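Two complexes are shown next, each including chain A; its partner changes from chain B in the first to chain C in the second.
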Partner chain A sequence: MASVFKDEAFFLPAEHTYSLLPFRFIRLDSDRYVAVNEVGESRVLLRHELELFVKKRLPQTSSLYFALKASHFVEDNDSDIAPDLLTLKVRSKRARIARFTSLHMFVVTLRCNHSCRYCQVSRQSEDRSAYDMTEATADKALDFTFRSPAPAIKIEFQGGEPLLNFDLIKYIVLAAEGRNTVEKRDLVFVIATNLSFLTDEILNFCRDHAILISTSLDGPEDLHNANRPKPGNDSYQVTIDGIRRAREALGVDQVSALMTTTKASLLRVTEIVDEYVKQGFKGIFLRNLSPYGFAIKTRYFNAYDSDNWLNFYRRGLDYILELNQQGCAFTEFYTATILQKMLTPYETGFVNLRSPAGIGIAGIIFNYNGEVYPSDEARMKAEMGDKIFCMGNLTTESYEQMMLSSALLTPLEDSVAESVPMCEECAFLPYCGSDPDYHYATQQDFVGHKALSGFCKKKMGIFRYIIHKLEDNPEARQILESWVNW
Partner chain B sequence: MLKLSSSRLVSLGCLGENGVVVRRVSENPAYAQVCRRQEYFLVRDHLSEVPEGFAGYLFFEKPSHSVPAVSYLLEPSLSYLSNGDIVKINASQGSLRTLYRRNSRHNSVLVTERCNNYCLMCSQPPRDINDCHLVDELLQAIPLMSRETVSVVITGGEPTLLGDRLLELLNAFRCYLPDTAVHVLSNGRNFRNFDYAEAIGRVQHPDLMIGIPLYSDISSKHDYVVQADGAFDDTIRGIINLKTAGVKVEIRVVLHNLTYARLSELARFIRRNLTFCDHVALMGLEITGFTRSNLEKLWIDPKDYQPQLRDAVAILDGAKMDVSIYNHQLCVLDHSLHRFSRNSISDWKNEFIGECNGCTRKRECGGFFSSAKVRYSAHITPFHDE
Partner chain C sequence: MNGVVRDGDKFVLSVDTRVYSLEAVKKTAYKFAAATSIILQPRKDEIVRVLFNFAGVHGRSDPEGVISDFCNELLDQDLREIIKRETAPIRNLILAHAFSRSSLVENNEV
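Right after this comes the complex of A and B.
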């Protein structure tokens, strides 16, 4: 008796009937290419595999064909579900745009006790009236903040050294909480501080209002103190003491640190990572120096080029992977952010890893004097005398006027990487983003020529390095996957 | 294995109730008169006289005395019946079926035997018959079920072939048993029609989940397992539509020789495309129904797919998806998977075998389907924990 069941061949698509779905590819190394589809799913292929694939000669029962079909690079006559799932994934990736501005930075004062070489904005001044934000300005900034439709709102206190104007921080926190009894947003506060002025009163207030602390730690003591001069030359010790006190008062997860890379840091990445491990942090963000403000003026930015920074990053990532293999769980946060774009259906909140860029529509900054800028870098540029990004002033312009100002909309439109020359055809586009601030600062153009762009060069270097790790090193892959925030 | 149906019902009284009746059974001889009129009394002991006023009487031993008009003699295998259970009796055919057991955590109700798939490992081979009466009976039974019932599984066949009558059933569960979780086992294909998915959402059942099988990331492979061309696309569209309509969805994967090889790939596909699903169940093979005829095609010793299973669980769990392993014996599961194992086999078909004697971890074990005697892992070894 013939079986009532059909065999597997009955269900296969007809051979050589597949069509290609949208994707881009780029050479990875001498004989390999990486193909990436519109939503960031990728496949590394040998050159001859890529040729077979695009010429539609790949056997439709090969594991490579299955892999390409399951990640929606191809479609055949057995299934037409791919466009539905791709649509869904595009929508997931873009969902953040509609959530709109979440991060609202308040520059409560420009005054600071440090005179960091890379700092673009701080003032050594006792004159409160000249450089502090007023309550009236803060009220208007809060009006603006709650105009955002974002379900989650983060208010970050910036400076200068914001604790020099702690009374205003208190005022803003209480006022925001008051408004939030009606607004019901997921409201979070952060103070970005060098911790010099930490008092028990401040810590108690932070604990009572679940305020997070973010500080600067540039590496080992000598490097940190050289980067961050202050009277007494004890910035490192002050920071370390402050971290301990803040952790004891608020909890370890409530205190984070950021490092800034300088020329002096470039050869010391392992020591910098060690310092973070030693201080009990669970990860580090290997940042590059931004080309703004004082950094450019002091020629610091030109003191090292993209290749030097990439070497710094690669050695840092290798070292961190090594630490993980030795049982020390530690994350490089920038890599983790990119991995989220590569390996998950979600998009990152990272301002310059999005297209359009997150300027103004993911984060926004209120300067002490009421001026509104679409990014921290943009207000630094303004402190240097170029107010091209200034969206207006809280005292004179409305929310609508500022959010629809050409100071925001022009760079924003120019930041849609899908329509930018060289970006639109780049395989890494779904992993990348746009940085109009950077390109304006370096090329006096919001788009910039990508062949001359340090932003492009660094990003490409990072993407290639991460893909190599994922592809060629199973042990590294396992560690990297564990960093992904799902 | 509990016997849920019996065709050897003997009528002892002078009257039988006409047609099919759905009744709750009681063991309380002092039950209030006003309540007992709708119930059948379960006669456990030799009572010289049975309490009057019940709608009928179920005996386990033939009484010596005269009996009320509506009385039946039951097979000893039905002695598990107890207070609050619900039975369906067809006196003219001499049959009884237990529809609901109050003390069970695993009440499942079969609502149709019809199906639009023809899965190679179907445990309940479909029959193309008119079985609308099953819903009618269930609609009678639902109001009789205890409000404390933790969960009920609606199974088939393919429940969505009932169309609007499935909505009627879900609505009855929502109205009469608002605190009971309802789990519908469906192949999801009919939810490719968004209006139908939306109608399920509009029932607004407070604790409803649709469990939908997905066997591969590749359409032709899924279609082969379920023996239906186009099923993969229908099922994926159904899952998307249900989630769009706000209905919870569980993805169910039965592990066997035709599904284990691409299990990691399937897990990656799920986490990339269907991350929004509420639960993923990775399930052992039940060796009954069609599985018996296709056993040589389907069988793989569970021990041999542990690497793939471990990988799939890590992929899904890593993506913060809720993942469970069902129907697996702890001793064949990789140690790292023990925390995902659930003891889920319906109590009426869960058993242990000779090799399990002396095992100290039976209580946590997924156990065996009673049908597993046909074929089971060569690696069953009892635990001897302190």
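Right after this comes the complex of A and C.
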């Protein structure tokens, strides 16, 4: 009598009936490759597994096949939903482009009391009021700002030392708030300051208008003071006192700090992290020097190479993970930004981790003299005499003229990584971005040869290290996943 | 190293373009700009000679290691071509669909 049941083989998928969906791959280490799909979902696999998969010889009953199917690397007769899901995720990833320029930086003065050797800003001495922005220029900058369709607008005051022109900050804040009664944007203010000129009047104003404070803290006292010279050689103490006062007046979470890595920092990453923990910060952004402005002129940028910085970063991340394992919740913010791209369908606002780059369309900067630049780095380059990125001047050009200027559109078009040699086939493309400022500064070309690019080398090193942690260290993975906003 | 001959201060690898496409060879060569300078010389018999020069700024590179990595990358490029060939239509469809009803397009239409 014939069985009423079919053989087990009947219920198995037919062989070789799957179709590949778009993905890229790259060697992770000597044995393994990482495959990444269009929206950043990834799978680590051996070379022969990759080849079996691509050549349609991977058994459709294998766990690897199911894992690849779950991450939308493949579709088969059982399910054709993957392209639709990928489409939705692509839309989510790209949604930020349509939101357009959010960050608007106002250089209210170039004057500064510090003379940091690596400073990316062309500083002027404190007493030269010729380098202050005027109210008339600020008004035009605000006109420009509110032309952006972005639902969220962040106005960041920069310098020099912006508190040296605090009257103009007050003027801009009040004027922006006035306009916003009609505009109804999500309006946020930030002052990027060294805190030297903090007064009770300033703190009261910041408290009344919910202004955030962002300062610089390069590490322990001797390192900070060596990096950030000022008359009296007391920059560290001024900063620490300022952080304490600002927190008391505004709240702990209203005050943040940034560090810059100099050659003197390279062997001291644990001390730098300890300093941030000691000062009560919840995390740190391990930030390398950029090849702009005075950092180039003073040769500080060339003081260490990509390998030096990557070693610094890896040791820092390892130490931060150790701290977390010991119960100290502390985040490395750059890693967290990349993890956001790796583990969620959401894009970051980080200008240089976007394709096209965020220059002009994520952030824009108004120089004290009315000149408009698509990034702070572009403005710094102009201070060194090269105005290639200058989009125009608020006093003479319209919003349309500047946003459609070749100074913006040419580097922006060149920053679409999907059409850049090497980037277009790189598995890390969904995690990476473009930096036309960097490549122009180092190779005199907005695109740059990525095989020779320090930007590329650093990013690849970081991506590989994070993937190693996620893949090989379950405890680290748990901590890293906790840094992501789902 | 098999398949590699030394020609003065250069190393020469012969690649059969019936096995690897010229585009794959070119893409691979582009990637190695930091380690060596490469010249591609086509021959009449569908062989491309890949000349590796380790002089000057590339003097500190390890020729054997670089050429070995070059061959591995060439294999990878071949695999990438298969993926690209098979997935280009669906990739274009996904991207077209993803942007088809986005506000970017709507704004342009206003």
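Note that in this section the second predicted complex is superposed on the first by the 465 of 486 C-alpha atoms of A that agree within 3 Å, B and C clash if a C-alpha of one lies under 4 Å from a C-alpha of the other, contacts with A are read in each partner's own complex, and residues count from 1 in each chain.
As a convention for this text, a contact is a pair of C-beta atoms (placed from the backbone, for glycine too) under 8 Å apart; a residue touches a chain by one contact, two chains touch by 3 or more.
No experiment lies behind these values; they were computed from the predicted model shown.
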Partner chain(s) touched by A:T344 [first = chain B, second = chain C, both, neither]: first
Which of chain B and chain C A:E38 touches, first, second, both or neither: second
Partner chain(s) touched by A:K6 [first = chain B, second = chain C, both, neither]: first
Touched partner set for A:V484, first chain B, second chain C, both or neither: first
Chain B versus chain C as contact partner of A:L21, first or second or both or neither: second
Which superposed partner A:V182 touches (first chain B, second chain C, both, neither): neither
Partner chain(s) touched by A:P83 [first = chain B, second = chain C, both, neither]: second
Chain A residues contacted in one complex by chain B, in the other by chain C: 88
Chain B to chain A touching residues, read off their complex: 118, 120, 217-221, 223-224, 227, 229, 232-233, 236-237, 240, 262, 265, 268-269, 271-273, 275, 294, 318-320
In the complex, chain A residues that touch chain B: 4-8, 10-13, 41, 66-67, 69-71, 78-81, 84-85, 88-89, 344-345, 481-482, 484, 486
Parts of chain C lying in touch with chain A, wherever the complex brings them together: 27, 30-34, 72, 76, 79-80, 82-83, 86-88, 90-91, 93-95, 97-99, 102-104, 107
Residue ranges of chain A in contact with chain C within the complex: 19-25, 27, 38, 50-51, 54-55, 83, 86-88, 90-91, 94, 97-98, 149, 421-422, 425, 449, 451-452
